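Before I ask anything, here is the structure I am working with.
Think of it as A, B, C and D in the order they're written, each chain with its own count starting at 1.
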Amino acid sequence: MIIVLKPGATKSEAEEILSKIEGQGLKPLYMPGSERTVIGALGDERKLGQLHLESHPSVERVDPILAAYKAVSREMHPEDSIVQFGHSRIGSKAFAVIAGPCAVESYEQLSATAIAVRDAGAHGLRGGAFKPRTSPYSFQGLGIEGLKILQRVGQETGLPVITEVVEVADVDAVETYADAFQVGARNMQNFRLLQALGQAGKPVFLKRGMAATVKDVLMSAEYIASEGNSNIVLVERGIRTFETGTRNTLDLSAVCQFKKLSHLPVVVDPSHGTGVREYVAPMAYAAAACGADGILVEAHENPAEALSDGAQSLYPEQFSALMNGLKPFVEAAGRVL
Amino acid sequence: MIIVLKPGATKSEAEEILSKIEGQGLKPLYMPGSERTVIGALGDERKLGQLHLESHPSVERVDPILAAYKAVSREMHPEDSIVQFGHSRIGSKAFAVIAGPCAVESYEQLSATAIAVRDAGAHGLRGGAFKPRTSPYSFQGLGIEGLKILQRVGQETGLPVITEVVEVADVDAVETYADAFQVGARNMQNFRLLQALGQAGKPVFLKRGMAATVKDVLMSAEYIASEGNSNIVLVERGIRTFETGTRNTLDLSAVCQFKKLSHLPVVVDPSHGTGVREYVAPMAYAAAACGADGILVEAHENPAEALSDGAQSLYPEQFSALMNGLKPFVEAAGRVL
Amino acid sequence: MIIVLKPGATKSEAEEILSKIEGQGLKPLYMPGSERTVIGALGDERKLGQLHLESHPSVERVDPILAAYKAVSREMHPEDSIVQFGHSRIGSKAFAVIAGPCAVESYEQLSATAIAVRDAGAHGLRGGAFKPRTSPYSFQGLGIEGLKILQRVGQETGLPVITEVVEVADVDAVETYADAFQVGARNMQNFRLLQALGQAGKPVFLKRGMAATVKDVLMSAEYIASEGNSNIVLVERGIRTFETGTRNTLDLSAVCQFKKLSHLPVVVDPSHGTGVREYVAPMAYAAAACGADGILVEAHENPAEALSDGAQSLYPEQFSALMNGLKPFVEAAGRVL
Amino acid sequence: MIIVLKPGATKSEAEEILSKIEGQGLKPLYMPGSERTVIGALGDERKLGQLHLESHPSVERVDPILAAYKAVSREMHPEDSIVQFGHSRIGSKAFAVIAGPCAVESYEQLSATAIAVRDAGAHGLRGGAFKPRTSPYSFQGLGIEGLKILQRVGQETGLPVITEVVEVADVDAVETYADAFQVGARNMQNFRLLQALGQAGKPVFLKRGMAATVKDVLMSAEYIASEGNSNIVLVERGIRTFETGTRNTLDLSAVCQFKKLSHLPVVVDPSHGTGVREYVAPMAYAAAACGADGILVEAHENPAEALSDGAQSLYPEQFSALMNGLKPFVEAAGRVL
């Protein structure tokens, strides 16, 4: 850790900080410069977090050298992790496609959609039972009833199912009916929920928050991992920027960052990432090209009647076309679809 | 509502949409142009949300004319609301100053801080018992024990107390010990929590999320109000931008927007808004000047030892100076401190 | 154009606006609603710009229906444009790779780099003679001397050359020595420069500004096209967001937007887009996958000694590897490298 | 300067960098840690910029300790600077109000506006002759004719005048007719223009770019100062964020940052900062409260007929009200209006 003192900080102020560092068992380093005094701390600097040196009135800034996350870091675990989702192995050579409607609306709607995406080659089924909607007057999902439909359709089609969990109290129910948890962008820093999922027994797909840096996402993943559940899949789904031509700005370079900094698998959600039906396929191809391990895509048997997010949902024939178009890119990336 | 059709949309596609609008009891309007056909819907367009016209393959975009929030809008309630917080009336002529540490660390720490801020003129005490921290390895708060300390110190100093609630399961406990709930930026779209608070009996201070527009905040407030609790105070605390010289970018023009669009009181948090101790006072003065109803400020009896957010916490003497400096600005705004 | 009046606007205020619209030869439409009055204007609404209706005190907002750009829009010109750059045809089936150092530093440096990238398969050479640097104390480029080196090396290697122009007074010199102009992100709204380039005889590669929406870029392209030069290539090179793990946030969905809204070719700059050497190749692959017509890449014979932007420049062997890696993705996209 | 090496960097790689640092006359420091090696460089690290250490393949990142700007920094010049603008002294105890239309449209328009703002107490007159407009089809200003009108009206009303310069070739003309240059947000990094203004003899008001950090603005000011002109006024006018309820997000905490890091005076433009007429006054009050040295405000004798930016221009009576409302806040800040 590097501690830069304010201009005018005295030697005795520096010494106070140096002795605090030494008190934590780290090696302190004193570097008086012409315009600023800099202090170094060599060793496992994570211990210094307890000293709150950034609060000290003589300190201008504190630059950590090491990442604050450990369990999810590639340094601690150099090989790629693989997460089992049903019979799908996310992070393996097989590129995973998980598709389905934004919300479970009825058995008929989900079943028709699931059959369509399975027949086109999808490996998993998504569908929301608890929907976090911006407006209290929008459709909020079918709740437990939706979970039951999801499970039934998953069993009938042979597809593993994933659904969003929005609240600690629902963790058990979701674990009962689904093969994986999804944490939505709005709950990425709902730390209590992350901790509960860290104690659950099924994999967690963690979506990037709209204002979250790559490092923030890894810190949230660390919450889950530090409680014992390391079956985590990171999901890039776009961040909020000034650009209004797309619903979010899909940050595909985040895939590169995640892969460099962490061993966890990464999938991309081009549906929420763009919010525009016709941009979903090209962004899915780009995701495969830049090294993602899979995609999460919204498809609906009849998007024009969808109760939520219809504008970004693919028609069954569009989903089929996507699968066909995707194949050569997945193969160019040295993987199989 | 204005519906712009894609170029090439046919007359029969337009007629399909026109008849859907009519089916909801609204007056449809057909406006064929040289390059685009535009459709209007006159009446309470909120009913049209169920039609999901944005999902229709012939629709390019949908522009609502009316706001999606109602209960919190100024149009429904033209006069300013006043929210009772202890003996303080937020939104009245009295400018409210609520101060205290980021986290309740001990009885001694909170008590010393509370006495200092009360003696300097604060009207309320803040302090976190449940701390949502980016890192799982950071101090997470004292929990229920912290709530009890908060209540005790509030009673001893005569200050009403406010504390953050992060989870539905804690709503009852927080309501028992505190005079108001705070919803943090990370939970601004934790809709289940908002619904639970909408059924609670104490006021809610709703902080703006880091990626939330002013309209998003009002939609979240609508969640609370639509469940029956209209004692809501909006809190501007900065948004996330590319600027790194401050922790967030405090958006004071949001105060103007909130005041124009809603009847709810608005307070500003210059501590989280800037993250830098020496910017807190000037931003507090600016908040008073632009029409805010109060401020939420972090102060600590010894920031250099604070367990969280020390870099932005004021020393007791700085808080006193802030109160003195604030007074002429509050009076210039036609209010009293 | 749709004009929403403020609540409380009177019928006579509406009539004043309706008659202004009629006075411009458009068909006015009066839509009084329960909460707001809406006015429509059917016809070529671009004429209404002169009325400045958004300034009118009774007007709440004005929503245009048509885009403000015309010459560069796909509606006016449905087929893809092809821009000739030396013997390369940007926008054709051939995917274009233009590579070279950030700055021309010397004949030796540029020549060695050019030979390396040409031998690896590049189709064009880039190199800056006028460098817009954030700091006045950084290397500012070799100026005219740099242009001469660029021309010489271009001729010796048979590669067409492109270089940045930063000032109206330099347009003639750049046109003399180079095969194409590059407008940098910082000058994307230097409208005087755009107008001068609109009167020049060589193609213009227009880079997206760091705070520019896709529509802003198209408006800047319209400046060039409206002066007579329609040989324009749009360049996505990342926007500024809160994410600090990359230099910019490369917005590949902008490629989709550009392709939908405009007929102009689009290339991607993964070097400036990420600022990190090891992310350049995966982002180049993604660019090919999502439909870009080419890439602009920084390569240097010895990045560790580069006078600018070395951290994002590829070593010659990395560039070769990029070309090899790129080929299957270009072919998957139905193009040739 | 602190140089963090990549994991796995060897001792000999570290030694290569250490000897480069020593070769520049700085004191090198070697800090091998358990997970990373860190290298320090003590002394005037600005010399190290020439080494481009960030490009070195063993270097993970480089953290400068000192700011890259010098001439405009408060460390080099601890007292506040005062810039003379006509008889106004920007940065003195007198709070400066500079008002006028977005564009000079005619003698009659400018004269009527100037008389109105002068009679209400303004200290300077603004008005654009060269207008950088997003669309090539919008009014582009009267050019030299506009400058002449501006000079004439300035002389008739006794107000010093400021106008935007957009191109090196216009610097002399603007200097002839106006009392100060304005550099607009879109040209903040038009470094050639900044250098030309550094050689001019009149003060420069430098507006913050839409994607510029506070440090970027100071680097641009350094361009001007390093050429010899230190009569620079920094202008906060809002940055581009995801918030769409205002035209930009006015970042008033930037005033605090500028004041801390630099000795230059700072004024705020609440008109462009918000883009909404009714938010101009409260943001002007807030600017005075947080320590700004003045404001730049758009006013027009008849905004409903303005050729540009009418929606944010004040009516004469609104400007008078602003001046009356502003006075107590200016006085609360210990200044005079």
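Heads up, the rule we're going with is that a contact is a pair of C-beta atoms (placed from the backbone, for glycine too) under 8 Å apart; a residue touches a chain by one contact, two chains touch by 3 or more.
All of these numbers come straight from a predicted model, not from anything done at the bench.
Student: Count the touching C-beta pairs: is C-D or A-D ahead?
Tutor: Between the chain pairs C-D and A-D, C-D carries more contacts.
Student: Name the chain whose C-alpha centroid is farthest from the C-alpha centroid of chain D.
Tutor: For chain D, the chain whose C-alpha mean is farthest off is A.
Student: Centre to centre, by mean C-alpha position, how many angstrom separate chain C and chain D?
Tutor: Each chain reduced to its C-alpha mean, chain C and chain D end up 26 Å apart.
Student: Centroid from C-alpha atoms only, then distance chain A to chain C, rounded to Å. What do you get?
Tutor: 31
Student: As a quick test, compute the distance in whole Å between the mean CA positions of chain A and chain D.
Tutor: So the centroids are 38 Å from each other.
Student: Please output the residue numbers of chain B that touch at least 2 other chains, ranges allowed.
Tutor: 211, 239-242, 244
Student: Help me check something: in the complex, which residues belonging to chain D touch chain B?
Tutor: Interface residues on the chain D side: 211, 213-215, 239, 241-246, 249-257, 260, 273-274, 276, 278-279, 282-283, 285-291, 328-329, 331-333.
Student: Can you check the complex and tell me which residues of chain D touch chain A?
Tutor: 2, 4, 7, 29, 31-36, 38, 40, 42-44, 63, 65-66, 75, 240-242, 244
Student: Would you pull the chain A residues touching chain B in the complex into a rising list?
Tutor: Chain A residues touching chain B: 46, 49, 52, 54-57, 68-69, 132-138, 166-169, 186-187, 189-192, 195, 209-211, 216, 219, 222-223, 226-227, 239-240, 303-311, 313.
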